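There are two complexes below, and they share subunit A, which is joined by subunit B in the first and by subunit C in the second.
Coming up: the complex of A and B.
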């Protein structure tokens, strides 16, 4: 997937991953894609819930070697 | 006016004393709907922290000024983040829950149930966050612990404070909702670990068989723990009569409901066992016995002192699960439309058998959420 920007939020604990994702998304233009890497397990449920709440689209998620990856499309 | 920590112990006292508190739960809504802090004096709303990143103006109007305010989240970080903003916006005292719902899930509150005939005492350890109940029998400097929770520090502190030597650790059955602290307690105190043999066929460690006629003595004063085989929640489920006064019912009978037979995937097989245990074995016991279950389902089951107990005769009158005359209706009640199964129940059973050894963080994750061992409630 073609990501506009990659946010490395590994090692950050709740609430920082979502706070950073929101900040980055605010900088993007509609339709652009933010790829997020996190290790905080709480983000697994919270990032999709944030996307739903904020209207941004969660395109895909994956887990590799303990790193959670998400792709969000800016609404 | 400032940001203040509140420990699980402080919150536990407030819940048991039925003090008024307003809780803002900032976890995601799925987690909140699954499980939350409950209590007589607890008023609670949910607003996820990620909807409050730009400010708390949306919710400050919803926070009553005449009650203490507590913000809770899963671990702690987000509740501090939101509580700080509330302090900035309103200037009021705002608490956050130390360790979040993770710590709340593990907190145990010991309450005394009563004196035993020969000078001993019986205590109930109430795990408010998860609805689990465990028991400590003390007599003549010795102790037995029944259905221990995973975190054993509260028991260790209690034993030290009361100068007790732990002699016996007993599980009424192989638990599926929480990880037993039995093995850890045995290792630390050198106590005997008793398990129903039919639930322990696959366990990977040594144990003593908890069986009919195999009475367990605590202290010199002959406080007898008398096991009664009562299958149904699991094939091995064993109840115990303590001091001819109390009936430890495990997950067979609760104050407001009865056990579910499906957590080992054998609902249909175990229905008739469950019915027989409740309608024959329990029906044959003295109605004067106080039933002490391994769980409560609703905070209303706690009495004014924070205890969960009721006379067997009262339960035969009031508990719906003991008043279903039709066998087919009983079968449907305990096998159909059941609540969701407890979080990670299969992994929890494997852990309690000693087959897998998750680390502490994984164990905490596995236990998150309510116990869900009852048919309803």
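Coming up: the complex of A and C.
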């Protein structure tokens, strides 16, 4: 997937992944895509929940070698 | 997004601070309008020096290592983050008077008010939490 920006949030614990994603999304324009890499297992449920409450769209998620990846489209 | 989250912080331990600030920052990051009312021992959570050295519950000292291992952010970082995200801090005037605290004893950006100030915010909040 074509990402506008990649956010490396590996190693961060709750609530920082959500906070970092929000701050990065604020910098993007509508329709642009943020790719996020995290290792916090709680983020698996938290980042989709964040997308729901913030109104941004979760396009896809994946897990590779213990790294969780998410793609969000800015609303 | 017009969600409002109202939080009462009435206790001054390290675990209390994490509950308050984690939920406040997560809510604000999700687009909610958030206010925290700090009262009684909860005032330690915004005290200039106090918030950096909050006590662990008795018998939980061994968890110190767990906090570091999990790379949990410090309370000072969470205070800054919450304020950056627009979380409103309200210090309770009455308990400040009881405890001999002034507005200057707190981190910058704290508003001082009473029960009515908090209730005015909480009246139409979707979520109200007490810690």
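Just so it is clear, the second predicted complex is superposed on the first by the 75 of 75 C-alpha atoms of A that agree within 3 Å, B and C clash if a C-alpha of one lies under 4 Å from a C-alpha of the other, contacts with A are read in each partner's own complex, and residues count from 1 in each chain.
Everything below uses one rule, namely that contacts are C-beta pairs under 8 Å (C-beta built on N, C-alpha and C of every residue); 3 or more make two chains touch, one makes a residue touch a chain.
Values in this document were obtained by computation on a predicted structure and should not be read as measured data.
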{"item": "First (subunit B), second (subunit C), both or neither touched by A:42", "value": "first"}
{"item": "Which superposed partner A:50 touches (first subunit B, second subunit C, both, neither)", "value": "both"}
{"item": "First (subunit B), second (subunit C), both or neither touched by A:5", "value": "neither"}
{"item": "Contacts of A:19 with subunit B and subunit C, given as first, second, both or neither", "value": "both"}
{"item": "Shared contact residues on subunit A - subunit B and subunit C", "value": "13-16, 18-19, 22, 46, 49-50, 53-54"}
{"item": "In the complex with subunit B, residue positions of subunit A that touch it", "value": "13-16, 18-19, 22, 41-42, 45-46, 49-50, 53-54"}
{"item": "Residue ranges of subunit C touching subunit A (in the complex, touch as defined)", "value": "1, 3, 22-23, 25-26, 29-32, 70-73, 78, 81, 85"}
{"item": "Subunit C-touching residues of subunit A, taken from the complex the two chains share", "value": "11-16, 18-19, 21-22, 46, 49-50, 53-55"}
{"item": "In the complex with subunit A, residue positions of subunit B that touch it", "value": "28-31, 48-51, 53, 73-75, 77-78, 81, 365"}
